[in-house]
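Each in structure tokens, the structures are laid out below.
Below, subunit A partners subunit B and then partners subunit C, in two separate complexes.
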Partner chain A sequence: MEKRLIKKEALAGIAKKMAEEFLVWAPVKKEDNVLFEPLQKDGEPYLAYLNSKNAPKNVFFPHTETLMKYTRTEKGMAFSSEENKAAESVLFGVRPCDAHSFALLDMLFDQDKYKDAYYIAKRLNTTVISMACVKPPYASCFCTSVDGEPVSSEGADVLLTDIGSDYLVEFITAKGEKLTRYFGDTKADAAADTRKEEIAAKAKEAIQSKIPAHEVKPILDVNFDNPFWNTIHSKCLACGTCTYMCPTCHCFDISDEVKGADGVRIRSWDSCMFPLFTKETSGHNPRTSQKERWRQRAMHKFKYYVDNFNAIACVGCGRCVMSCPVNIDIRKIVEDISKL
Partner chain B sequence: MQNPYIPYPVVVDKIITEVDTKDIKTFRFKFVNPEDEEKYAYIPGQFGELSIFGKGESPIGIASSPTQKGYVEFTVQKAGVVTTALHEMEEGTLMGLRGPLGNSWPLEYLEGKNIVIVGGGFAFTTLRSLINYMIHDDNRKRFGNITVIYGARTPGLLLYKDELEEWGKRSDLNLNVTVDKGDATWKGREGFVPTVCKEVAPSKENAVAVICGPPIMIRFTLPVFFEIGFSKENIITSLEMRMKCGIGKCGRCNVGSKYVCKDGPVFSLAELDQLTPEY
Partner chain C sequence: MENIETKLREEAKRLLLEKKVDVIIGYEKGTLPLTATPCFVTTPEEADNLVWNHLCTQNPVKFVHDLITQHKNAQKRVKPEDRKKKVIGVVARGCATRSLIIQLQERQYERADVYIIGVPCEGYVDGKALKSAIGGVDITEGSIDGDQIKMKTSDGDKAVALKDVLAASCRTCRFNNPIISDTMVGSPAAAMNPDAEYNEVKEFEGKTVEERWAYYSKEMEKCIRCNACRQACPSCYCPTCFAEQSQPQWVGIGEDKTDTQVFQLMRLYHMVGRCVDCGSCVAVCPMGVDLRKFLKKIDKDGWELFGNRAGSSMDDMPPLGKYDEHHDKEDFVFNP
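Up next, the complex of A and B:
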């Protein structure tokens, strides 16, 4: 594996240099929030960020995306084109938890039988550069409970680790190695590796928040009808913020829009928290109240995804914990389930 | 790589109004590109997404049998935005069709067995596909006795009346058609499907029951089959859920760790017992 060292102050310039040549999604400051957005010509990546307000899943799975276009003909609406172009791009500076989420989303969108061409095209054309968390950004971080680590290269093509005055740059994949030319020519020495290992161990230890995410799987297997499910949803507003913030939530809607003679079929993020999500034309709704919807969310993350892909669909970023307007805390829910 | 979100262009070739209330019609589609018909190779029990540009998509069971070449048929009740638009269409209209989606009736499992088909009302469509498949000359000898019990509320609500008449003439198919309430011209059987099942009392020996109908019919029909001695492995049904993508990604037809669109819609009762009761 190719490894380089770069001076810390050089990093912003590297991102900007890349942005001259292709699309670079980088953390940028927007009022009080940090968001991953395309880096503009005169834009500056915001490198003092803890983590972005929203998960960067929108790079591969946009809020709204055109699946196809059609146009009106004499005989009805005719299919005119499909939208499936992905520009060569770099996702610069995602945290390891969010990079982990890409590996989880791949399991769903890139299955053997049905491949999601839109997602896959963007994944293939995007190089992910992760920025290790040498200090866990939030007290609510719990990546180590869900198969993650604050210094981890999972889901990343390049991993940057702050080892003091330098960043250690590790080119994890062949796709990542195509970017070596931007990172100077100082080869990393063994001392840098050792330093990184120390930092990684320390960062891991600093993650204080822990949940029994693996332990609850056998409990969830047999507790679909447990009265416990009556206890968590009553204050839920069904706003869907948790699912919109979540790096691994991937439910979507497909709808048609027409203007004049032309139309588009789009897909947009949807949420299992919404009452209409499962409501059928007949009026029948298999998930009748917020109780069933919350059970679905918890089950999907800690049981169903494990059943299907042998992976927990949570990366421990804590966004849902921080963003819920009524302080529903998935950590507490998992903790409580472990005691059933 | 075939993009599973993009429909095949099809033309509405023929529209048959099935019922006297005129809200259930069979739509026969022909593929605009003849090579697409081959790509749309399906098995009875699968479904498709009927795709009306500007309105959306609706998942509907395939009502024709793969033994019927040159077209594919769907019987659709007028209910929501897409199906209403479909009902207003004229022959010759261009639209889209995705699929075939989902698993299917388990043909390999059914082979060599006596088949009991129980259908109620409008849920008879994929059963019709299965019946036409099994009685086709190429396939008939692969299956044992075929018993069909089909009921509708009134004679006017029976689907596929011409076919029912043809099937009634066959010696290799035991057809039992019933209506909840007959009318002046109805000479057939009256009675609810569960009652007729009891009367017909199909043998459980080497038999599989394939049951599809409204929940109320299913609820009262299952005990009849349990009493005869059918095991849960040998009672097979098909589920419906709200769907969008049809390929196990959009998340809304999730029942436990299964997706009705991709892992279903066909399940045995034994399999349903393993699922969470959320459908």
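Up next, the complex of A and C:
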């Protein structure tokens, strides 16, 4: 594996240099929010962040995307498939938890049974550059409980680790190695590796919040009807904040928007927290209340995804914990389930 | 505040023991530092979880409507002679009582369906303002000590003045004491600063139409259509929101800029005479959209054009809910 060292102050410049040649998604500060957005010509990446407000999943799985277009003509419907646009791009500076989420989303969108052409095209053409978490994390970070680590290369093509005065740049995949030319020519020595290992161990220790994420699977297997499910949902507002902030939530809705003779078929994010999510055409709703919706969310993350892909669909970023308007804390829910 | 909390718990226990209420909607300590969260107390033991402090943010009246509607629907399946009454207790400050008045004026339930435990209020902390005041660093511990908020953060110990991080709605609140109640806990709170109520709106009104539209567009671009604002609002209780109707479909469900603008515009217009400036929509918004600027403008118009302040009295019906053709000051409506 190719490894380089770059001076810390050079990093923003590298992102900007890349942005001259292709699309670079980078953390950008907008008022009080840090968001992943295409880096503009005169834009500055905001690298002093703990994590972004929203998960960068929108790079591969946009909030709204057009699947096809159609026009009603005298000869019938004329369809045109939307060009599956995916320009060469770089996702710059994501946290390891979010990079981990891409590995999890791949299991779903790029599996043997189904292949999601829209997701895959973007994923193939995007190089993910992760930035390890070496600063004190959020108190609500719990990546180490869900198979993650603050210094981890999972889901990343390039991993950057702050080892003091320099960044250690590790080119993890062949896709990542194509970007070596941007990172100078100082080869990393063994000392840098040792330093990184020390930092990684310390960063792992700094994650204080822990949940029994693996322990709950067998409990969830046999507790679909447990009265416990009556206890968590009453204050839930049924908004979509947790699912829209979540790096691994991936449910979507497909709808047609028609204006005159022209129509577009779009896919947009949906949320299991919305009553409308499961409402059927007849008017019947199999998930009658927020109780069933919350059970679904917990089950999907800690049981169904494990059943289907042998992986927990949570990366421990804590966004849902921090953003939930009524402080429904997934950590407490998992903790409580483990005691059932 | 401590004293109010003790009294509140005693009162809650009494009401539950005397079976005056079936449930009390209040606040308990949250799992994150410096947070309180809505809770539902059904036993005297649970009453000890109740808190009342500057961290109690959300308007609990949204849940009053939810619980009553759920109960009514459940009772429809019960024989009339077996139907049970359910009384919802609610810990309510000024703005919450205004929301109760709105729902009562709109005949959502009977006055006897709710038992109002009135509490004085000196404002709640705007979590986003607090975070901003300490440079966005992570709070690991925190407490309110008199007029100071003291915190341990990822960047060392910090302190900010409580008054500097109170929600905008609270700073200029006119009704920080309950307007209606069945029982009062604590003595009335000192007045906030209502004279400055419309300062921000006036400044905004002074801008050109282009500037105002640019501001509206900018704010709406932040919106991710999670619906938290609508879901937290006690005045947004429609069984099916227009945003979710499909025949006709009023607004698209995607991220299209105009759909977001239209969704929020229509919600704003549905708030005429019905927004009590509790600030819940702003507090719950994950993206920090400034909805209040526009809601406050509507509130100002309601006051200046119709002499109405939403939910300020049981007798003063919302302007759009009390049209009276015989006493309308404009004669053209029925006598062209």
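Just so it is clear, the second predicted complex is superposed on the first by the 334 of 340 C-alpha atoms of A that agree within 3 Å, B and C clash if a C-alpha of one lies under 4 Å from a C-alpha of the other, contacts with A are read in each partner's own complex, and residues count from 1 in each chain.
Assume contacts are C-beta pairs under 8 Å (C-beta built on N, C-alpha and C of every residue); 3 or more make two chains touch, one makes a residue touch a chain.
Predicted model, so just to flag it, every value in this text is computed and none were measured.
Engineer: Give one word, clash or fit, describing how subunit B and subunit C relate on subunit A after superposing.
Structural biologist: In the arrangement built by aligning on subunit A, the partners subunit C and subunit B fit side by side.
Engineer: Scan A:T241 for contacts with subunit B and subunit C and give back first, second, both or neither.
Structural biologist: The answer is second: A:T241 touches subunit C but not subunit B.
Engineer: On the A-aligned overlay, A:D253 touches which partner chain: subunit B = first, subunit C = second, or both, or neither?
Structural biologist: both
Engineer: Between subunit B (first) and subunit C (second), which does A:R195 come into contact with in this model arrangement: first, second, both, or neither?
Structural biologist: A:R195: touches no partner chain.
Engineer: Looking at A:D32 after the superposition, I want to know if it touches subunit B, subunit C, both of them or none. Which is it: first, second, both, neither?
Structural biologist: Second partner only, subunit C.
Engineer: Let me test your reading of the model: by the given contact rule, A:K291 touches which partner, first (subunit B), second (subunit C), both or neither?
Structural biologist: neither
Engineer: For A:V321, is the partner it touches subunit B (first), subunit C (second), both, or none of the two (neither)?
Structural biologist: second
Engineer: Once the two complexes are overlaid, how big is the angle at subunit A between subunit B and subunit C (Cα centres, nearest 10°)?
Structural biologist: Reported to the nearest 10, the angle reads 90 degrees.
Engineer: Name the contact category of A:K204: first (subunit B only), second (subunit C only), both, or neither.
Structural biologist: neither
Engineer: Contacts for A:H214 in the overlay, against subunit B (first) and subunit C (second): which applies, first, second, both or neither?
Structural biologist: Neither subunit B nor subunit C is touched by A:H214.
Engineer: Looking at A:S268, would you say it contacts subunit B, subunit C, both, or neither? Reply first, second, both or neither.
Structural biologist: second
Engineer: For the overlay built on chain A, what is the smallest gap between any CA atom of subunit B and any CA atom of subunit C, in Å?
Structural biologist: Scanning every C-alpha pair, the shortest subunit B to subunit C distance is 8 Å.
Engineer: Mind sorting out which residues of subunit A both subunit B and subunit C touch, each in its own complex?
Structural biologist: Shared contact residues on subunit A (touching subunit B in one complex, subunit C in the other): 253, 255.
Engineer: Taking the complex as given, what residues does subunit C use to touch subunit A?
Structural biologist: 30-33, 35, 37-40, 58, 62-63, 70, 128, 131-132, 136, 138-140, 154, 222, 224-228, 230-232, 244, 249, 252-256, 283-284, 286-288
Engineer: If you look only at subunit B, which of its residues touch subunit A in the complex?
Structural biologist: By the definition above, subunit B touches subunit A via 1, 3-7, 9, 11, 52-57, 79-80, 83, 89, 92-96, 240-242, 244-245, 247-252, 254-257, 262, 276, 278-279.
Engineer: Which of the residues in subunit A end up touching subunit C in this complex?
Structural biologist: Touching subunit C from subunit A are residues 30-33, 50, 53-54, 62-64, 135-140, 234-235, 237-241, 244-245, 253, 255, 257, 266, 268, 271, 274, 276, 289, 321-323, 325-327, 329, 331-332.
Engineer: Using the touch definition from the top, list the residues of subunit A that touch subunit B in their complex.
Structural biologist: Residue positions touching the partner: 67-68, 70, 72-73, 75-79, 82, 84, 108-109, 111, 113-118, 224, 250-256, 258, 263, 265, 267, 270, 272, 277-282, 286-287, 292, 296, 299-300, 303-305, 307-308.
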